[in-house]
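First subunit A sits with subunit B, and in the next complex the same chain sits with subunit C.
Moving on, here comes the complex of A and B:
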């Protein structure tokens, strides 16, 4: 994968393979290209060169919403939620495929009622699973930063078959106890539903206990990958953090 | 109270205000979805006036007909909506995709406006009337049915326009709140990036918003044409001032407030100016021995003056005012 912003090489021939059904950690100092990579995988940016293969299918030329429908879900560093919707609705919104989504079919209740009912039921189960059920009727303005992160985790699970969830710093701005809670929920989802995760995280001490694999980036390149402990102790990684 | 305007004038003012409301609502819709201030919006509305003129010549040339109040708005909605989609997909979206900002896009809409005015003028000049020799400058008010009501004779369009504005607003509200596509549109308006990563085809939402916006303008234009002195696309140059005034008074980022803002500006322009004119010329000037003069030609001063006043006291327009606070105050007083 190659991406340049003018003279800046944001991604310089980055090649990654995210193991299916695992939690992969992506680390690197600021400016190493992590968020650019997340933006390219989710379709916000188009790469200058390279391909994104999702489950054997080339999705490089698909728009963001089309990738979502293929099972590629993305969360943001600062939670982005619909401010006018309550927790349950914010989660339910993420399920795609409602037969009432057409301009005409939306007016025919019979065609979408069952799907809508199942969606709300599943949203209720999902927020129970992520332990925010008691907040089901709260609007985002009434939630703490950590609760919003958990809501985003819950939302990631709503598509019928999420293949991979990209999480950008899921524990930023959250106290250590809740940060562990968030990673615990991510691991629960991963273990029980076999959903693949790619997680960008700066709090390595917390993240390392929950992930299966790790990539480290610096100056737009992958400098190490493998077992999380091994990557963290790699001299090139230590140098990139100290030097960066 | 001899200076009060008569019923016909009041109804004409309400009709004009309703048309401005529809136009301002459409303008706010495309602004709130695609952040494009569309200066061609009133001329897109003139497509409706063009459709009406053609229908008068080809179908309803024998005289007034109530049928025209169905055919003209429906055809105008579709044609003006289609043009708005064409404008968005072929001109505005490629320009926006190439990184042009709000200013560049706004100037591009000026260019489209001038091109469209010329195309419509050319067509009205070039198309040979079948039953009416000269289409450009045609006064179509003669084809507006007359209704006898409460002792006055009203043009039917004065009644149809407010009804059309109410029905279209209700339909739009139903679309936004009761259909899944409407929910997707609201989500896109609130947070386009999030809507996109949640699987909403935001491009489709933008395109549909331009279609609706153009359609509303077309309906307003087709029915307003009955009140215009003659069918000329150049009229849009003046109407767009009031349309923007309406959107700004309402609060440019709020669709329904655009409707209210447009309605208020329309009433101020027609009814407000009429009242002021009557008050001055019939009461004040004779009493004080001052020279009388017609204020009717200065109606745009009312709308622009209102914009200045509103922006001074409510920078975000009427939508930004905490109405709940004032309502609570009133409740406490009473």
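Moving on, here comes the complex of A and C:
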């Protein structure tokens, strides 16, 4: 995978294989290309060279919405919430396939009532889990930074049957107790529904207990990968964080 | 028919109804989906054209077919009267010179043949929707590729180009600047327009409310708020915009049809940007974006206020200097502008702000998951 922004090599021949059914941690100092990689995998950016293979299928030329429909879900490091929608709607929107999403079918309530009811119920359960249930009728502008983050996490746990979920710093700005619970939940979803996760996280102390595999990046390159403990203790990784 | 109550008349009422329709359709685009359609005048005009340039010719064709004797007699008389050489009634009905003479005869023919009259009305309704949908498709080609500001400018100039240049300068399309007389469907055309306007407004309002409070309403607002995130969650943003533009264009054109039925002799430039694009935007900003009741309130507040100003201020200015009379004539526009500024400053969300899409009773659903 190659991506340049002008003269900056954001991603310099990155090759990564994310093990199916596992939780993979992606670490690296600021500016090492983690978020760029997330944006390329999800289709927000197009790579300059390289391919993205999802479950054996080349999805490099698909739009973001087509990748989502193939089972690729992501969240955003800086929450991109829908400002006009309340918390419950923001989460409910993340479930795709509502038969009422047409300019004609939308007016026929009988066609979408059941799906909508299930969606709202699940959205309510999801925000209960992320502890923002009491904020269900608030718009994003009324939430604190941490609450927005929880809403963003709730959204990425909402879709039906994802194959892989990309989480970009799900616990930044969240208190440690809740951060553990979020990782616990990620692991629950992973174990019960066999969903693959790729998690970018700076809070290594919290994350390391929940992940199965790890990649480390620096200056747009993968510098180490393997067992989480081994990657964290790799001298190159330590140097990249400390030496900068 | 002649309704007068205080300073309000039936033509005022029909204009208000037309504005309900346009503003509700603009609300679907701009309020819900964030599509800055500054070309509304064009789509409204499609409804007028369907009844004018196209409608009167179709009506002439009907008459020619079902009453060939009277038709050829009429053409002969026209030819000797105007020194022209029309070959058919259709040609005469579509010409700027003969249109005004032929139109009343065509009306009489239609009124005497109710079945044909109704058929023609349905055909013109379909033509209106078809033309608007086609124009919507052209507009959405741009809408899918341009950023907001560029799209607004492009749609504005597209509308200006088509209405002010192409239609206003080409006699064969809609009779040039004067406009062809539109086909009438009922002897009391204003009563007809009033009923048509009321029925369509009501249906459009119900439609817009249902759509706004459906999963589609939520998707439209998500696309408006963050198209990248909407795409990441599986929504085809381009397709959503396309659908909304198509349906809104069709609705806007119905407003043109209602208005032209009340004023069949309206000139082409009646369908200009100030009256059919900027005013609906003003109504929407005042009433509240993404709120259908807000759109209605916006139209009513503005139009009542405007009527007061237009009625009383010139009376007060009478006898004063030319400058003051000039100011009085433009006062309603000045007030409209001022009101927009005040609303944007003190209440940017409008009189009635946006509400969540009430697909069902959200409190109840929440209660059930406790």
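The rule is short, and it goes like this: the second predicted complex is superposed on the first by the 211 of 244 C-alpha atoms of A that agree within 3 Å, B and C clash if a C-alpha of one lies under 4 Å from a C-alpha of the other, contacts with A are read in each partner's own complex, and residues count from 1 in each chain.
FYI, a residue touches a chain if its C-beta (ideal position, glycine included) is under 8 Å from a C-beta of that chain, and two chains touch if they have at least 3 such contacts.
The shown structure was predicted, so the numbers you read here are calculated from the model rather than taken from an experiment.
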Once the shared chain is lined up, is A:74 touching subunit B (first), subunit C (second), both, or neither of them? both
Taking the superposition on A as described, I'd like to know which of subunit B and subunit C A:54 touches: first, second, both or neither. neither
According to the stated criteria, A:94 is in contact with first (subunit B), second (subunit C), both, or neither; which is it? both
With both complexes overlaid on chain A, does A:206 touch subunit B (first), subunit C (second), both or neither? neither
Identify the partner contact of A:2: answer first if only subunit B is touched, second if only subunit C is, both if each is, neither if none is. neither
Where does A:178 make contact in the superposed view: on subunit B (first), on subunit C (second), on both, or on neither? neither
Contacts of A:16 with subunit B and subunit C, given as first, second, both or neither: neither
For A:86 in the superposed arrangement: first (subunit B), second (subunit C), both or neither? second
Between subunit B and subunit C, pick out the one touching the greater number of residues of subunit A. C
Take the contacts of subunit A with subunit B and those with subunit C, and give the residues found in both. 42, 44, 63-65, 68-69, 73-74, 76, 80-84, 93-94, 96, 98, 100-103, 106-107, 112, 155, 159
The residues of subunit B that touch subunit A in their complex are 174-175, 178-184, 186-187, 190-191, 193-194, 196-203, 208
Which residues of subunit A touch subunit C once you look at their complex with the stated criterion? 42-44, 63-65, 68-69, 73-74, 76, 80-86, 88-89, 92-94, 96-98, 100-103, 105-107, 109, 112-113, 115-117, 120-121, 124-125, 128, 133, 136-137, 155, 159
Seen from subunit A, its contact residues with subunit B in the complex are 42, 44, 63-65, 68-69, 73-74, 76, 80-84, 93-94, 96, 98, 100-103, 106-107, 112, 155, 159
For subunit C, which residues count as touching subunit A in their complex? 207, 210-211, 214-219, 221-222, 224-226, 228-237, 243-244, 246-247, 290, 354, 356-357, 359-360, 362, 365-366, 368-369
